[in-house]
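Have a look at these structures, which come just after this line.
Across the two complexes that follow, chain A remains constant while its partner is chain B and subsequently chain C.
Take a look at the complex of A and B:
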C-alpha cells in the first residue's frame, strides 16, 4: 500500500477525468424521502458534479455490479435435431466510486464465496476483474453496526481508498493502476499532521457508533435457539417480500430459469437473484415446500448470515450496513432480532445455576 | 414447425372479449420485435382485433373481460365447451377487474349514472372462474406481452408454465426504485404478485394490485405496516377493492 494526500479540489479533477472517459457509477441523490432526508443510489455518472461525495448511504448495495439481478448464463441454439451451447463471460470495464468499507468488505466476502470455493464462478470473475473501486470512509449513521461485525475498516478489495481529513483526502493506494492514474495529478507525501489527522479521523469514526450487536459466540447461540419461539414472533411480522435480500450486499442466493426463444430456435438459461424469504425458495419438484412457514424462512436467512459461514469459514457474511433493516417495511432488523434472541435466554430465570468458580 | 427433432403443430387459438376494454387482446399484437415469431406459433381461428375470420374450432381460448350480462354466461359456456384449454386473460377475466367497482353500489344507481336510465341489462361483475373452469390465468391490467409469450410458448412446447409467487417488491428493488412507502405513499407492491417488472412503481405510481395477491400473503403484517406508517385505512380499502383482486378487509379493520 502506498499512502498519499490529495486536496479535495485536485481529487475532484482526478475523479472528473476518470468519469469523463469511463463507464462510471457513484452515489447520486435519486429522491427526497417523506422525512425530508435525501435518498441515494449508486447510479451512472458522467461528470464529477453529479457525485454526492458526502452522501450518507445508498439504499441498495453495489452487489448488482458483480451479481446482476438477472444474468444470462448461456444461450442454446437448436439445429437439425441437435443443440449448441453458447456461453459468454463479457463484462465491460466500470469504475465504482464512493463505496464504504462495509461495501468493499462485502465484495471481499462475495469473492470468497464466488471465487475461492470448489466451483469458482467465471461470470463473477469476469465482472470482478474488470472494475476499478474507489472507497471512501464516512461517519456511521445511528443504525450502522459494521463496527460490531468488525467491517468498519477495510484493507483490501479496492484500488484506492479515501479518508476524509478535512481539506484533503488521505489516500491508500492499493493498485499500480490507481498509482499510475494519480501520477498525472498533484499528490503529496503525507505530513506528520496528515498522519495525525488520519488517526484522529479513524478514532472519531470508531467512537461514533451508536448501534452495537453482540455477535461473539453467536453461531453456538443460534444452534441452541433453533426451536426458539422468537422465530415465529418475527416471522409473523415478515411480509416475505424479499426486499432485505435484494438490498443486501452479500445475499447471493439465486434461482435458475430457462425459457424458449419465441421462434423456438433457441433458449436461454438465466440466473435470477432470489431470497430465502420468498415463499417458494425451498419448494422442490413435486410441490413439497421444506420451509412453508415465514418464521422458518426468516430463521434460515439469519442462519446463513450469522451461523453457517462463521462455522465453516470463520467469518459471518453480514457486514453490518443495516440496509435490510432500513428496507424492511415490517421493521425487522438484525439488531432487534439478535438482541431479542439473546435476551430471551440471558434473562431466563427458570433454571439459573451459578457458573463454576475459577480454578 | 420443428422443435428438437419433433414436428410440432401450430396451436389453434381463439381470442374472445367480454366486458372489458380489449386492451389485453391488443397486447397480443404488440411487441413488434417478436411478433412474427409469436404469430408463427399460432393458428388464429377467431380474433376480431386482427382477423375477420370466425372459425369455431380452436384448442386454446383466451378469454378477456368479466361477465356482466346473462347472455355473456351462455357465450362463455359455449367457448368452454369447444376449447381444450381456457385461459383467463387479464385482470378483468381473472378477478372481475375495474368493472367490479359497480358491485359496490345498487345496480339501479349504476345504470342511472352511466346510461341515464336507458334500459340496460346488467348484473354484478363476475370473474371467468365464477362461471366455468379456468385452466390458466394470466393476470395484469394490461397483461405483459412478455409473460403471455412465455406462457403460450410453455403450452406449445409442453414445458412448465408458472407465474412468480413472490410480491412486486422483488422486481421493484431490482429496478433500484425508491420504495414508495419512503415517499409517504400507500403501495400494494408488498402483497401483489410480481411479474410486471414493477412497471407502475418504476414510474412512481403506487401498485394497485392488478396481478392479484402474491402467494401466502401476510395481510395482518401489511395492515400493521399501514397503521404504523399512519396511512389511511380508507385509502387501503379503496386500493384493495380497485380490481376486486383481494379479499375485502373485515369491517372492524376499516
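Take a look at the complex of A and C:
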C-alpha cells in the first residue's frame, strides 16, 4: 500500500477523467424520504458534478454490482429434439466510487463465501475482477454500529481509499492500476501534519459511533437461545417481506429458476436473490416446510449473520451498516433484537432463580 | 474523445490479487465444471408404481462418461432444459459407468416435465455432489439398511456396492417399509438381493390390503426378526423425515452407536455447491456436508429433523 495526499480540486479532476472514460457508478441523490432526508443510491454517473461525495449512506448496498437481482447462469438453445447449453461469464468493467468501509468489508466477506471452498463461483469472480473500487470514509449515522462489528476500517479489497482530511484527501493506493491512473495528476507525499490529521480523523470517526452492540460470545448465546421465546416475539412483528435481505450488503442467498424464452426457441436458467424470511425458503417438493414459522425464519437470518456458517469459517457476516433496520417496515433492527436476547439471558444468570419456563 | 489511459481493460481476470486465493478458471483441472451439465440421453424408462419411474440415462460424451464417478449416497442435479433443475439421489451401481439410474417420483415442476419425456430425449446432469455413505469404514461389520417408501432409491447404490464387495461385509439386513403394498418399489429385485447378494430381507406395509400376505405395522417391528450384535453393526436409514426420529432412537436403544447410524437428509437444493443457502441445516449445508450425516451430527444440528 502506498500513501499519498491529493488536494480536493485535483481529486475532482481525477475522478472526472475516470468517470468520462468508463462506465461508472457513484452515490447520487434519487429521492427525499418521508423524514425529509435525502435518499442516496449508487447510480450511473457521467461527470464528477453528479456525484455526492458527502453523502451519508446509500439505501441499497453495493452488492448488486457483484450479485445482481437477476443473473443469467446459462442459456439453452433448442433445435429439433436437441439442445445446446451456452454459458457466458463475461462482465463489463465498471468503476465504483464512494463505497464506505463497511461496504468494502461486505464485499470482502462475499469474496470469502463465493470464491473459497470446493466450488468457487465464476460468475462472481468475473464481476469482482472487472471493477475498480474507490472507497471513502465517513462519519457514522446515529444508528450505524460498524464499530461494534469491527468493520469501520478496511485494509484490503479496494483499489483506492480516500480519507477526508480537511482540504485534501489522504489516499491509500492498493493497486498498480490506481497508481498508474494517478501518475497523471498532482499527488504529494504525506507530510507530518497530514499523518496527524488522518489519525485525528480516524479517532473522530471511531468516537462518533452512538449505537453499540455487544457481540462478543454471541455465537454461543445464539446456540443457547435457540428455543428462546424472544424469536417468537420478534417473529410476530416480522412481515416476511424480505426487504432486509434485499438491502443487506452481505445477504447472498439465491434461488435458481428456469424460464422459456418468448419465442420458445430457448430457455434461460437464472438465479435471483432470495430472502430467508420469505415463507417458501425451506420448502421441499411435496409441500413440507422446514421453517414454517416467521420466528424460525427470522432466527435463521440472525443465525447466519451473527453466528456464521461453516462455509465462511463461522465468521459473523454482519458489517453493522443497519440498512436492514432502516428498510424494515415492521421496525425490527439488529440492535434491539440482540440486546433483547442478551438481556433475557444475562438477567437469568444474575438471578438465583431457575430460568423461566420456555413455551 | 475517448482517452484510453483511463479505461479498464475488460476480462482482466488474473491480474489484481484482490482475494487471497483464487482458482485458475482457465485450467480446467483445477476447478470442477459445475455450471455446464453433462448431456445425457434417456435410454430406458421403467414404470415402478403409479407415481415412480426408474429413468436410465447415458452420458453422450465418452470422456465425460468416464469422468463421472460417484460414491453411494451422493446426488446429482438433474436438469430438464426449460423447466429447471432438481436434486436427485443416484440409485445405480457405482461400478456401472455406462448407465446412470435415477428413481424419480412425480412430485414437482421438474419431475412432472420429466415424466412427459420419452425414451431418447436429452436431459442434462451436474454433479455428483455431496457426501457418501462410508462404505470402507463399514467393512468387517454387519450392515443394517432401513428404507421407508422412496428411501429405497438411495439405498440401491450401497446395495450394489455390497454386492460387488460381498466378502468384505458380514451379515447384511435390508428392512423395507411402505405405506401400501402397491407403493413397494423394485419388487422384481427382491429375489436377486436375497439370493445373489445374500441380503437378509424383510418387508412391511402400514396399510395392508387383501393381496398383502406379509407383515403390517411400523418398520421398527421388523427389527426383532433378525439377531445381530449392535456393537458390530452400522446402520443406514433413508426415508421421510418423520421416520428418522423413531427409527434412530429405536436403534439407539438397541445399542448401535450414534456415529454408526447414517441418515440421508432431504432439502431443496438450488445450486448444489454451497452458495444459495437453500438447503441449510443448522450451520451446515446439506449439499456440501450432507446429504449423508451420521446421527450424532444430526442430533447436534438445529432443526435437522
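By definition in this document, the second predicted complex is superposed on the first by the 343 of 359 C-alpha atoms of A that agree within 3 Å, B and C clash if a C-alpha of one lies under 4 Å from a C-alpha of the other, contacts with A are read in each partner's own complex, and residues count from 1 in each chain.
What we mean here is this: a contact is a pair of C-beta atoms (placed from the backbone, for glycine too) under 8 Å apart; a residue touches a chain by one contact, two chains touch by 3 or more.
Since the model is a prediction, treat every value here as computed from it, not as a measurement.
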Chain B versus chain C as contact partner of A:226, first or second or both or neither: second
Partner chain(s) touched by A:116 [first = chain B, second = chain C, both, neither]: second
Partner chain in contact with A:181 - chain B first, chain C second, else both or neither: second
First (chain B), second (chain C), both or neither touched by A:78: both
Partner chain in contact with A:296 - chain B first, chain C second, else both or neither: second
Which superposed partner A:342 touches (first chain B, second chain C, both, neither): neither
Which superposed partner A:242 touches (first chain B, second chain C, both, neither): first
Chain B versus chain C as contact partner of A:254, first or second or both or neither: second
Touched partner set for A:87, first chain B, second chain C, both or neither: second
Larger contact residue set on chain A - chain B or chain C: C
Set of chain A residues, in rising order, touched by both chain B and chain C: 78, 81, 83, 260
Footprint of chain A on chain B - complex, ascending: 1, 3-5, 8, 34, 37-38, 40-41, 149-150, 153-154, 156-157, 159, 165-167, 169-170, 173-174, 176, 178-179, 181-184, 189-191, 214-218, 220-222, 224-225, 228
Chain A to chain C touching residues, read off their complex: 17-18, 20-22, 73-74, 76, 78, 81-83, 85, 87, 89-90, 92-93, 95, 111, 113-123, 125-126, 128-132, 156-157, 159, 175-177, 181, 184, 223, 226, 252-258, 260, 267, 269, 271, 274, 276, 281-286, 288, 290-291, 296, 300, 303-304, 307-311, 314
Chain A contact footprint on chain C (complex, rising order): 2-16, 18-19, 21-23, 25, 31-32, 34-37, 39, 79, 81-86, 107-108, 111, 121-122, 124, 241, 266-268, 270-271, 273-278, 280, 283-285, 288-289, 302-303
Residues of chain A touching chain B in the complex: 30-31, 33-34, 39, 41, 43, 59-60, 64, 69-70, 78, 81, 83, 236-243, 246-247, 259-264, 273, 275, 278-280, 292, 294, 327, 329-331
